[in-house]
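One structure is given below, represented as structure tokens, and several questions about it will come after.
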Amino acid sequence: MDTWSYLWQGFLSVFQPQHLLFCVIGVVAGQVIGALPGIGSVSGVALLLPLTFGMDPESAIIMLTGIYYGCMYGGTVSAVLIDIPGDSAAIMTGLDGHRLALQGRGGQALFMAAVGSFIAGTFGILMLTLFAPPLARFGLRFGPPETAALMLLALTSLGWLTGESAAKGLLSALLGLFLAVIGVDSVSGRPRFTMGVIDLMDGIPFLPVVIGIFGITQVLLWLESRAQWKVMKANLGLRAILPSVQEWAVSKWAIVRGTIIGFFVGLMPGAGATTASFLSYTIERQSSRRAHLFGKGAIEGVAAPESANNAAAIAAYVPLLSLGIPGSATTAVLMGGLMLWGLRPGPLLFRDAPEFVWGLIASMYVANFLLLAVNTLAIPPMIRILSIPAPVLMAIVSVISIVGAYCIDNSVFDIWLALGAGVLGYFMHKLKIPVPPVVLGLVLGPDLETAMRQSFMLSKGSVAIFFTRPIALGLLIATALFLSAPAIGGLLRRRRSPSRQPAEGQG
Amino acid sequence: MSVDSVLGVAASVGGLLLIWQGRGFGYWVHLSGPGPGFFPVVLGLLLQPVAVLLVVGGRTVGEKPDWSRSGLRAVGAGALAFAVTIWLVSWLGMLVTVGLYTLVWLRLVGRYAWPRVVALAAGTVLAVYLIFVLWLRVPFPTGILPL
Amino acid sequence: MHRSRVLVFGLVAAMLLSALAAGCTGQKKAAYPEKPIELVVPYAPGGGSDVLGRHIADIIQKEKILPQPINVVNKPGAGGQVGMSYVNTKKGDPYVILTFITGQVSGPKTVPGAVPASVFTPIARLALDEECIVVKIDSKYQTIEQLMEAAKQGEKAVSIGGTAVGQEDQMVTVMLEQASGVKFNYIPFDSGGEVMKALLGGHIDAAWANPNECVSQVDGGLAKVIAVAAPQRLKKWPDAPTLKEKGYNVVFEQFRGIVGPPEMPQEAVKVLAEAFKKLSESQDWQTRYIEKNALTSAYQGPEEFAAYMKEVDQLTTELLKALGLIK
């Protein structure tokens, strides 16, 4: 049988009524859990995994795929509506998404995110269906030097995110990188800055920090200002949430670029979806004629990272299915789940259990489609969150922050960390230090350091390893361009359109 | 001195501490390149120009954050409430603590009438119970109560 | 609004009542275990210990080995220390048990203030995970002789990847170095998956892997096992020689077992050890857990397991000293 007939068999399996039902349950459960602040795809899948115990393998994997997908979509909702990203991959979505929500265009932001995710997801699954083995071989070419160079590229693009003062943006990023250093050094085994606290040995986990710095900070800032939500009463009809022609026009290419960047970055090891969303956002901002709108409610700033993180999440399946190596933390959890049924993802699975692999791939198409439906139809009721009175909403945010921080690792220490991050976030807001760089430094820092030091170990201390490998060299050149671009770009912009400056102040 | 200048000086001192500590960790290892101290030292070095930029920028901008006494008091109280809550989680269990937090918050901050406060708090506890305990089987700390 | 409020109150009242009721029936004196047992997995979901824990819970329930279910709780962090210190606080509690591996014996030695393995009550050893040397299928080192020959060419001439520092993979590297006199270029990665990825990409020359970390790549024709650090050849790959038969006295296994908190009551230990024995003999366990993960089934009861842990303790202390991680 060839690919298509296998895939056809897979679809037949998914469209059995009970399988379809499990897919729907998985999708909705994932969406709900993923939308809780801080509980993104990794902990969402880990928490929901036990629901599938006791099912037959086929139903279970179909439901797991639904959960995986639902969690990915869900993270966007909390980022846009209450500015608390569901996970690190949704941080960039929240930057512009929440601004749009405050301008009464939250529906449009969510709609665009759903469409972008759908297109990116479909592209990703098609690539997975057709070209998984060669793509996996491409991903393997990324060894430690390439990973280090990629992380460096992602980090240097931090410069684009700095907001008002470049120095403060850099300070924030360096703070994040410092936090990433805390814990036992993964290369030498030496504890660094742990102050003898055992809970800090594994380093500072970023999910509690995300919960604290977005959720608890928000509660503290609200306590100070006691502002009411200044949301324009949005019309809740389905038609009223459709993006305008102009919004489609600016988002079209953002989705395409986000999809492609996301998919290829996602093939590489490391912090796939986060790096992908981050790079696509900065590239979008750099190439946009409306760069001044970014961070103030540009819809393409939602479309690009959302497409990218979904494409990357699918790309993580490529090494899982064709090599038996999980491509991300979430797929690692999924793999553990599959092994409970004695199913070991990898090259042999295509031979030994093709009906299972193709059922899985077919269920991805179906889950993707279901989520587009759920996410567009559910936007009107979801927007209602914004009309909850502020004191009640803030109480809910506090409770979810506490419970969510605990759930990640069943650890009370993590709630303390979230509170610490919340207080830090408050002061950063007051001192006008941008928050995203600190989180991204924390997310990317450990991978950067480990990959860089592994490279040096491979080369026995010689720097040459970064310059003799074409991909690593290419990425380093891109990094250098990125680093010098702000200066060049700044000069160009100043010469080209001095008249644009006032518009920036208004947004 | 403006706030930014203070921030700059703090960043510089923090960076110097990092360099000092990092050198102690081991900066370069023969035949394997950067040691555990390499990254901290580099971070410390990078902090120095940033600190200079902050101090220089702070001299010209000199903008003060909009801190008010009452606002700060509210934030302090909020942070303290979080701390007490987290401390109580191990003592009273997650569900009871979350319920208490919501009660106190809605009464003191929201200034709602008692019936509404109790109903909302009970609803919150129930929702947390249904989602996290019944559905997701999260092993919450139970504390001294059997909940 | 009013109706829903009544409903909410009703539900809360019902919950309280049922909790009370549960508390009352618990008073009756019954045989251990009379309530569910918490199985703490001190590593993240999806890892080897988690897979062990989930299989235990699943099979014990399906085969009705114990009258009460076992609930798996993940408490990951600090190389198992977070979960270990949690169980350490449950002194004498017969309803908390912990998955235990070699790394939990050696790990605490390098961390000041950590909970050592010796405080826990051994219940049962269940399986052994062997250490294999794996190369890429088209590697220039097709046999262990070729690899060792290349390693003799100079310090760190051959790179060998493994999971983490100060853990099993690095310890067995040191054993092989001591037995052969060569120095490998040991490269630590964060997970077994990353090691395999680096190996298949040709970024490292060889890798240490447990059978379950490399089985799908080896059986899938992407990689090859060239030696095992086991006492005899593995049933799974009988062509791969042991290091011992090649003249290197290197035997190192990672054990997987179950321990209880300090001062766990003897009768609970007895009941559980018996239950794990039944588990380990069950067909489902042997095919679904042992075979699929390419493990060696190796049950030991409480006394034998305690003695075995002491041996592991001594061996790992020596190896960590050789690594310079402890004095």
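All chains are identified by letter, namely A, B and C, in their written order; residue positions are counted from 1 within each chain.
Following the convention adopted for this analysis, a contact is a pair of C-beta atoms (placed from the backbone, for glycine too) under 8 Å apart; a residue touches a chain by one contact, two chains touch by 3 or more.
Bear in mind that the values here come from a model prediction, so they are computed numbers and not experimental data.
Enquirer: Going by the touch criterion stated earlier, list every chain that contacts chain A and also contacts chain B.
Expert: C
Enquirer: Between A-C and B-C, name the chain pair that shares the greater number of C-beta pairs in contact.
Expert: A-C
Enquirer: In angstrom, rounded to a whole number, how far apart do the mean CA points of chain A and chain B lie?
Expert: 22
Enquirer: How many Å are there between the centre of chain A and the centre of chain C, using C-alpha atoms for each centre?
Expert: Whole-Å distance between the two chain centres: 31.
Enquirer: Roughly how far is chain B from chain C, going centre to centre by Cα mean, in whole Å?
Expert: 34
Enquirer: At which residue positions does chain C touch at least two other chains?
Expert: 73, 156, 185
Enquirer: Residues of chain B touching 2+ other chains?
Expert: 31-32, 137, 139, in rising order.
Enquirer: Provide the list of chain A residues touching at least two other chains, using ranges where the numbers run on.
Expert: 187-188, 410, 457, 460, in rising order.
Enquirer: Can you name the residues of chain A that touch chain C in the complex?
Expert: 46, 49, 53, 140-144, 184, 186-189, 191, 196, 198-199, 201-202, 269, 319, 323-326, 332-337, 339-340, 342, 344-349, 409-411, 413, 450, 454, 457-458, 460
Enquirer: Once bound in the complex, which stretches of chain C touch chain B?
Expert: Within the complex, chain C touches chain B at residues 5, 8-9, 11-12, 15, 19-20, 22-23, 38, 71, 73, 155-156, 185.
Enquirer: Would you mind writing out the residues of chain B in touch with chain C in their complex?
Expert: Per the touch definition, chain B meets chain C at residues 31-32, 115, 119, 122-123, 125-126, 129, 137, 139, 146-147.
Enquirer: Under the stated contact criterion, what part of chain A meets chain B in this complex?
Expert: Interface residues on the chain A side: 33, 47-48, 50-51, 165-168, 170-171, 174, 177-178, 181, 185, 187-188, 190, 192-193, 216, 219-221, 223-226, 389, 391-392, 394-396, 398-399, 402-403, 406-407, 410, 412, 415-416, 419, 422-423, 426, 430-432, 449, 452-453, 455-457, 459-462.
Enquirer: In their shared complex, at which residues does chain B touch chain A?
Expert: 3-4, 7-8, 11, 14, 18, 21, 25-26, 28-36, 38-40, 43, 46-47, 50, 53-54, 57, 65-68, 71-72, 74-75, 77-79, 82-83, 85-86, 89-90, 94, 98, 101-102, 105-106, 109-112, 120, 124, 128, 132, 135-141
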